[in-house]
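Here come two complexes built around subunit A, the first alongside subunit B, the second alongside subunit C.
Up next is the complex of A and B:
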């Protein structure tokens, strides 16, 4: 690694958040024409270091060099001028503006003629930017709100690429993208590499990292661990470096038999609504029923319907005893629990404490008459979060301070404490690192053994296959295939049913 | 995560701010009035005004905990007072008490139904109610002042005042901090969608709270009549502003959620009560009092109100 070819070098970077040491003496470099993968568990500091590079925040100490010169950006505008662009993990767009205005937000003066905004010119230019990333299906004049989540992400990509960056930072963007979106992003990364530019790529998906990146740098608990070149890639080694201990390759279920219990606990009868068309299925006691498909195949709304949050236009959802699930209150009476894909907005109250979140569904159990006592709440949490090993300072800590995996554990604790028998889990491991992921799989296996039923909705085919007794594939809102565990389906087979 | 650190500092400042505000007001006016602020007569007048401010602020806080508000509290008190006066003249002074409370409850209930059933935002719905009640008072009073029987004022006794203050504090504290109702109220303020997805009927809680607040206004309507002996079209006119001011000075966020604390309502109400007494002792005119309270209101909003969207922080 010669000095001249280094695009960006980070040296001895430190960053603290209160008592949390987010970065400790982190040094690494990105070469020209290199795609560098950055991996580590949640809280390992990868997002922190990249947001410092993109000047979204500043380091406590440490220096950065951009093409050999010291690089000290004051704000993200300067970072973009110097050619560093970042696509964020979170949503970074404005719903009420058009696609074009989103792409040129902050750069409107480019299109101002005689004091008026030349919207047509802006739309033309925006369309060029979209076409350049092969997202022709998105039209510049569309309001952003009309796009789905994936396409919005692509708008962000177009915005980042329009400024022609030298370094593109991609922070877990692919978890939000479907296959088409991912391919677009991979293509852009390849082009950047060919043009001697650099990409820093963050992802939880080890397979993705290994196939996309030339080199990976591993961080753990804010400390630089190692950098490994493509020739030396081996999943178990990387995983061990990330987690700091051996993690078995196979954290899914090992048995090959599907659930044989005939008792039906939840039934969906010819349900149609929005993106879902005439879906019927039965969930049995002690069964993990996996739903797979593309991001917009309607499976997410299906979970919503099953919990009574969305009324179906046609058909009905019934519990095992025939009660119609007409709202969430009835669903809960039938001991159904639901964790949304948008966990932070819909299942948790991130501005509240862990205690408030875990207790929310169970005040009827905790309260003595109308009164709630702190010690009863503490006891309740103690009882139901014990097995989950939530990493927290105390139960009064705000949920927003927790990592994704720990937030998910809080959401699970809420429903375990409630005593649910049926769990509807929408993307239960989305954006969660391997360590916690395997915890969650273990918990699902444990629940299944106890005779609880689980509906798992996921875009990750590997986990759907790995965990489910039965897999149902949806395509454009309809069931396109159903497979039992013993059939031993593979991802490739399922993809045929998805697209 | 960058904001997390600064946010923590800000929260701790927000915790201290209400205490600072109270101490500042106490110090300032005890100096300006040469210690008269703590004389028996001014403490008594603080207590008299304090009943309205404290009970109203508690009600307002119960609503803000769930991100709701009620702009009609002042004129609800006015209408309740007017009805109370009518009944006291027509029937008896004892029958006027339940009449006042019932009036308040009904108005609160209507507010609650409008907000929960029509989904008109609380601000607009209760503002509409405010205008209606403002007109209602004029209709009931026939545009003038209504005198209550003289015996009415004999009901305004020290035990009653103490009962109202102590009862309000105890009940408010227990409701907000020690009950399922309080926990769920704050949850509704923190994330209505989460509450919905936990199978909780938030509308039920909202309705109950609007009714409670209406009931408080009814009680205050009676108190006002017993204290002054008359119902006028300006009865309750300062209540809304004082209570909003107290809520904000107490660091209670109008958006609700877990940072809503009963302590805040209490501190805010004390601060405003002493502010009012202090300004009256200084012989500051009513118009100028309004002006000063307005300035304090904006300062309180600026300092206390967390304008950063908490959800943005990662």
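Up next is the complex of A and C:
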């Protein structure tokens, strides 16, 4: 890497959170006109180092250089002024403000004339920012609350791009975007590269990383491991560097037989609801039933309906004994567990401790009479999170401080401890590194062997095919195809049924 | 008629609707009560504006009543010595003292706003009493008719209108207004964007003092006298304004103009109260009905999405039955 072309250089950076060493002597650089991929397992320090670069937090020690000069931003405003913007993995918008006010939050003085905020000028400028990223469908004067999750993310992209950054940090944003949103982001990254600017791109999708990035830097457990140029890309090598061991290309099930158990444990009978139209299926004991389709095909709402969170307009969901699942309370009585795609909002209490989250569904088991003892909680957590290897300081740590993969492990530990017989997993490996992904697949295989049933809803076709006994494809809310494992269905075949 | 106009008209009809209900139910409740209701709505509206400065930022404040009374007492005392200018300046200084106190205490001691406001209520009430006793020998301050005329109908409406315009300008046309709303929405995220959230909250409390000043002037002018209250009695003065603000917070979802919605909210509350009085209801019954009314209004407005969803589901099920 030639020194004179370096846009940003990070040298000997350290950061600790309590006893957790988030970054240890991390050094790397980003060249002008380069898209640098930053990869690593959950908890490897990717988000920590980029949030330090964007001045969302400070390092314990270490130095940064921006275009050859020492770079020590006091806060994110200074970082933005110096040309570094970050699009976060989590929600970064204000629901109560308009789109325009979201784009210019903290920069309102740009539109203050004679003491008055010129809202019309702000709206005009915001619309220009949205149009510039080809998000013309979003209107600047709209209340943000009227937008869906994907469009809100695009508002963040517009906000970041308005300040014309020299370096754009994209932290796992693509998982929150639909195809159109991803294309918009890729186009922006391409334009930045062509204009001799730089991008730091974080993603768990190795294919995406390899196709988008010029160079990849790998972190593991807070330590810099290596930097690989595009010409040397090889997925197995990157995986090994990320995880520190060989990870097979195929971590899915190897058997080719579907579940033959006739016992029905959950039945959906002619269910119609919002985007779902007349869907019927049966889930059998010991079966992994995969649902696939495009993001808006209605499959995500199915998980909600099956767990009783959404009351169907027509039809019903029944447990094996015929009990109608009319709400989540009944679902839990029937030992049904649900992990939503929207993990932070719908599955976990992120501002509570790991202990509270894991024990929540199981206090009936843990309590002794009216009392709950700490040692019983600790014992319970240890018992049910044993195989999951959650990276945490202790069980009192807040869930919000955990990485995506570890949050998912907490969600799984909660339902394992609860003793669920039916697991509804919506995008169980979304935003999760391959190491944890592999662990989750192994856990699913193990649960299947124990006679537990799983509904897996996923947008990743390889995962649906690789793990399911039976695959159901949804198109525009209706079932468009159903395939058994032994049929050896391929992604190409499924895509025909999806679009 | 465009959508915006129909929304405004729809909301503005609300107090008239309530008025006509009592018009037909209660003897003696007629058009002649309109100026009374309007006059009575002015103080809660301005106090409501004071509360609406801090509530959107996620802060709870029970002290506007105490700050208003202190402002009225200082204004009254100074008005007696220095005329109208003294009255206005005194009311402003009195109202701002409490506001600055709560702003500084909240900012530097990091105590929850509700707790700070309770402390400020106690201190301001004691100060009001001491101040009034020091200058008048009793707990009551009286002002000359020349000054109290300032707050007579319709001048009180004009004062409130000025307060509403200032609030509108601050809330919708300044950076501070945007940031107050953003603070209540997600404080941590705003901090990450480099915004000094503590400063925003500080300014929100200071700003609320300005509306306590308007309320103070209206309060003492209403009857020409003001009495220092103790034992947290001033806290009861914030409940009606708070109800108006809560109603307004629901109405702004339909049409975004907070001061207008606060005024409409307070007007509705005052109309209801006057209607009860005209019907000869006791205080207890009035409070019960008002509580139920508030629950119903909030219950309905908070559940509009659920109600719409219920109606949609019913239609789908009815259509499905018809096909069968």
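Methods note: the second predicted complex is superposed on the first by the 446 of 499 C-alpha atoms of A that agree within 3 Å, B and C clash if a C-alpha of one lies under 4 Å from a C-alpha of the other, contacts with A are read in each partner's own complex, and residues count from 1 in each chain.
Everything below uses one rule, namely that a residue touches a chain if its C-beta (ideal position, glycine included) is under 8 Å from a C-beta of that chain, and two chains touch if they have at least 3 such contacts.
All values reported here derive from a predicted model rather than from experimental measurement.
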* Asked: Taking the superposition as given, does A:332 touch the first partner, subunit B, the second, subunit C, both, or neither?
  -> first
* To do: Could you say whether A:272 touches subunit B, subunit C, both of them, or neither, answering first, second, both or neither?
  => second
* Where does A:56 make contact in the superposed view: on subunit B (first), on subunit C (second), on both, or on neither? -> both
* **Broader residue contact with subunit A after superposition on the shared chain, subunit B or subunit C** => B
* In the superposed arrangement, which partner chain does A:313 touch: subunit B (first), subunit C (second), both, or neither? -> second
* Asked: Between subunit B (first) and subunit C (second), which does A:373 come into contact with in this model arrangement: first, second, both, or neither?
  -> first
* Asked: Is there a shared patch on subunit A that both subunit B and subunit C touch, and which residues make it up?
  -> 56
* Which residues of subunit C touch subunit A in their complex? -> 56, 169, 172-175, 177-179, 181-182, 184-186, 189-190, 192-195, 312-313, 316-317, 320
* What does subunit B use to touch subunit A in their complex? -> 1-2, 4-5, 8, 174, 178-184, 186-187, 190-191, 193-201, 257-259, 310-311, 313-314
* Asked: Can you list the subunit A residues touching subunit C in their complex?
  -> 56, 75-78, 80, 91-92, 94-97, 101, 105-106, 108-109, 112, 115-117, 119, 272, 311, 313-314
* **Interfacial residue positions of subunit A with respect to subunit B in the complex** => 17-18, 22, 47-48, 51, 56-57, 90, 307, 309, 327-332, 338, 340, 344-353, 356, 359-361, 363-364, 367, 370-373, 400-401, 414
